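So, here's a batch of structures to check.
Each of the two complexes below includes chain A, the first together with chain B, the second together with chain C.
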Partner chain A sequence: MFGFTSKQLARVGIFLFMIFIGVPLIVGATGRWDFYFTLTSVALLAIASAGVWLTFYIGRINIGQGAFALIGAYVSAILVVKAGWSFWISLPAAGLFAAVVAILIGLPILRLRGVYFAMITLVLTQVVTLTALALPITNGARGISNIPLPSGISVFGIPILPDFAAMENTKLAFYYTACILMIITYAALYRLVNSRLGHLCRSMQQNEELASSIGVNISYIRIVIFAISSFFGGIGGAMFGSIAQSVYPSSFQVADSVNFMLNCFLGGLGYVFGPMLGTLVLYFGWDLLFEFGKYQMLIYSTILIVIIRFLPNGLLSIRFGKGGDK
Partner chain B sequence: MEQILANGVYLGSQYAMIALGLTLIFALMNVLNFAHGQMYVIGGFVTYTFYGQWGVPFVLALVMSCVTLAILGALIERYLFAPVIKGPAREESTMLLAAGIAFFLDAVILLVFGEKQSGVPKIVDGVFNYDFRLIMPYDRILICVLAILSIVAFIGLMQYTKTGRALRALAQDRTAAQLMGVNVDRYSMIGFALGAMLAGLVGGLLVTITGVNLGMGGATSIKAFMMVMIGGAGVISGAIWDGIILGFMEAIGLALLYQYGDITYLLIFVSLMIFLAIRPQGLMGKPWG
Partner chain C sequence: MSPLLQVKNVTKKYGGLTANNAISFDVAENEILSVIGPNGAGKSTLFKMIASFTPTTSGEVVFQGERISNLKPHIVARKGVVRTFQETTIFKSMTVRESVVVAQHLRAKASLAGYFWGSKTAKEDVTAFERYADELLEFLGMSHIAGEQASNLPQGSLRALGIAIGLATDPKVLLLDEPFAGMNHDETMNMVNLVRSVRDERGVTVMLVEHDMPAVMNISDRIVVLNFGEKVAEGTPSEIQNNEKVIEAYLGSVDDEIGM
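Take a look at the complex of A and B:
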């Protein structure tokens, strides 16, 4: 079916079953309702990390995803609060706005490579935070708070999406929304990587000059990829703002940008689902270490260093054995 | 006007020192040291502990900062960076490792020194006042002179000693240096220790003026990255120039736009992005590092 083996289909099936039925059952059984919030965050951060992974795919180290997540969060918040749009329309609008910004900024900076690109994207995160502080429409340091919950949508009187404000259990609703968004994102990512564009990206990752010399339009492809990557960032950020019901300039900072990058590295750059696993492990690991109180950060960073030192190709390399140090 | 120039020199000399350490590490090992800001904070806290709390003379406390950071840098290079660089993984993993180390040092600072803002008593009292046009506290002047002296000493070290020659050779071409008989492993370690030491020295110097706190690390790293980019990554003279340029930009911006607050930094960041779009390799860098 669609060129997938039955084994792959079975795995996807198990994964979907776990997310949509398994997790609510476990949460219901253990009574840990806070897990919903954690898992929702993981799903949304995984969407943004997918964007970072995509820029890695054309051989660029992107430490600027926090900038686009912040842009997305602000665009959605402003559209909902000040223009009175429905959240569900503002969500793609936020993604598109982030993509347009990415195209404008990407035109000059995508010419940079390696460490230079990494550093300028890092600076970009700082620029967006400072812009949010300076502009009047973003309310400066006070940010935008009291964002209403997403309203319902109905077409010809048939409700498609329920009104979140009228629901008694918004945690579960947000969890499902975030998971559906994440699955769409990764399905799109998988499709893209296995398409003609994906092959062209791989050729660029290995050698841009060579790819260019055999007729790959590298400047066009890297802009497209960067725009898609930032679209994911914008969507993730907008959804995050809606769940927290507030956006501040400090919602996404340089540290978040670095974390997005860490998620990708940790999961493994060679695998489409690497960033998803990386986000899950990093975010959940951080949450679980909360028990250790003030030693949380110390243990977390030690584990991080050990993983990088001994598993340089990411967590998924254990499973697939594709690591370099066989 | 005189005031702005003086502030520019003062800020520029500090920034140049921070950028020097970062660019040295980058030139030698192609590592973007995310932990540079944290090393700077540790340097500040060591001086604070020795000078501010135990009453050790200031110069001795500075030396302790340098020694601590040099040892720390050497250990980090020897046991973390060197094996990862040698390993078969892609080169980006050093960047990841550096980010991990930055988190780790942050945690250590939090546990050992706490998160409070800490300051030390002034080393010299009094204010230099020239006709109310140029006002500068004496301790700032002293720190500025010390910073410039350290930069001169560093350049001397790089230009006229055997170690400096070996480090420059390494920065130019690692393989060729190795073929000429330079002990690459040893000098990488020395270079990293030297870069970390510079960060510690600036931290120790500045603790007397701005104090030190946990949150300074990240912001300092970003500034240092910017300077390294303006000058061209891995070029020593570039690092000094861009330190001075950034110092002056900040001094002028803060003087003219003080009522708008953070907009100075926004303008600096934006102009940096435009500059890099036109000249990606920085002022003096080779294309693509």
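Take a look at the complex of A and C:
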């Protein structure tokens, strides 16, 4: 079906079963309701990381995803709070706005390669933070802190999405929403990578000169990819703002941008599902080391260095070997 | 018959250095034309300008009556003038077959969105790409290495892969950058035959930059000789062999060695 082997379908089935039925069962049995919040965060961070992974796929190191997540969070918050839009419409709008900003910024900076591109993107998060502090519409340092929960949507009186404010258990609702978004993101990413656009990205990643000599419009594809990447960032950020019901200039910082990149490295740059695994491991790894107190950072960084030294192709390379597209 | 490609008064200056000075010559359809000259004569610069990888300072390159200099490389490739590179420039982590499939980008009929959703045209494209890739690799005698990763290939096969990638774009003019460099006699003869069959059987006009004189004399219909950025001679291999300026350029080359 859809060109997948039955083994792949089975794997996807198990994965879906785990996140939609397994996790709620485990949480119900253990009573650890805080787990939902953690896993929701992982799912949303994984969406933003998917975008970073995509820019890696055209051979660019992107340390600026925090900027687009912050833009997405603000756009959605402003649309919901000040313009009275439904959250569900503000969500794609936030992604699109982040994509448009990415196109404008990308036009000049995507010409740069390697460390030069990385350094400019590193500054982007700070630029957006400072802009949010300065603009009147973002409320400066006070941020936007009274975002209502997503309201329901109904078409011709038939409810399509429930009203979150009327729910007893918003944690579970947000968990499901984040998981569904994450699955759509990764399905789209998988499809993109395995379609012609993905092949052209690979040709650019390996040799831009040769790619342009076979007629690939490399500057156009770079912009398209960067826009898609930032769209994912904007979606992740907007969803986060809605869950926290607030956005501040410090909601996404340079450290977050660096983490998005690390998620990709850790999971594996050669695998579509690498950033998802990377996000999970990195997020939980940090929390698990909490009891080491002041040594937390030291142990955490040492483990990261060891992993990147001995598994340069990421955690998934243990399972799949070098460089397959899974 | 008007020439397929014309180089008209092309000049390239890098600051105070003139890499190419007012070079003009024509390339006829279906010929094999070699550009030769000592190191630093400006051959590679000339090739880059023809494929629009670098802009000309003045002058123009005309292909089928249309100016192609100072455009973007992918646009020139779309018009049918395609350059190959030396062996280090390949898609390292693709297999030979994948490289040739990707290189058929210009033959695509479906849009990128069509590929994403898996439209009917896109599926037909993919089938056609794969069929043509197999045919092309068969033609180039590379079927046995189709599944090999490019980074594992020996030098000779890499050159052939470069030509396969170039041919996959369906070019009218193929620019080959030192296709015989570093090859022994047998490998060179194989490559000479390959380039000839590309012209004879595929109808592709070939321009090449090369140092290997015996191979150049063997393969070329005509030769253009550059020295210090100037065109010093143009003619058939036998004319060039007896041209005094050419002999001077190569034998009286004490200055060149210092100049390099």
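We adopt the following convention: the second predicted complex is superposed on the first by the 322 of 326 C-alpha atoms of A that agree within 3 Å, B and C clash if a C-alpha of one lies under 4 Å from a C-alpha of the other, contacts with A are read in each partner's own complex, and residues count from 1 in each chain.
Going forward, a residue touches a chain if its C-beta (ideal position, glycine included) is under 8 Å from a C-beta of that chain, and two chains touch if they have at least 3 such contacts.
Because the structure is predicted, anything quoted here is derived from the model rather than measured.
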By the touch definition at the top of the document, which applies to A:131: first (chain B), second (chain C), both, or neither? first
Touching A:316 in the superposition: chain B (first), chain C (second), both, neither? neither
Once the structures are superposed on A, label A:114 by its partner contacts, choosing first (chain B), second (chain C), both or neither. first
Between chain B and chain C, whom does A:239 touch in the aligned arrangement: first, second, both, or neither? neither
Figure out whether A:217 sits in contact with chain B (first) or chain C (second), or with both, or with neither. second
Taking the superposition as given, does A:189 touch the first partner, chain B, the second, chain C, both, or neither? neither
For A:304 in the superposed arrangement: first (chain B), second (chain C), both or neither? first
Considering only touches as defined above, state whether A:207 meets chain B (first), chain C (second), both or neither. second
When the two structures are overlaid on chain A, which partner does A:261 contact: first (chain B), second (chain C), both, or neither? first
Touching residues (chain side chain A, partner chain B) in the complex: 56, 61, 105, 108-109, 111-116, 118-120, 122-124, 126-127, 130-131, 133-134, 254-255, 258, 261-262, 265-266, 269, 294-295, 297-298, 300-302, 304-305, 308-309, 312-313, 324-325
Residue ranges of chain A in contact with chain C within the complex: 191-192, 195-197, 199-200, 202-203, 206-207, 209-210, 212-219, 224, 323
Across the complex, what residues on chain B touch chain A? 26, 30, 32, 34, 80, 83-84, 87-90, 92-93, 95-97, 99-101, 103-104, 106-108, 110-111, 218, 222, 225-226, 228-229, 233, 260-263, 265-266, 269-270, 272-274, 276-277, 280-281, 288-289
Chain C - residues contacting chain A, complex: 51, 53, 72-74, 77-78, 82-85, 89-94, 98, 101-103, 105-106, 108, 110, 112, 115-116, 118, 122, 125-126, 165-166, 168-169
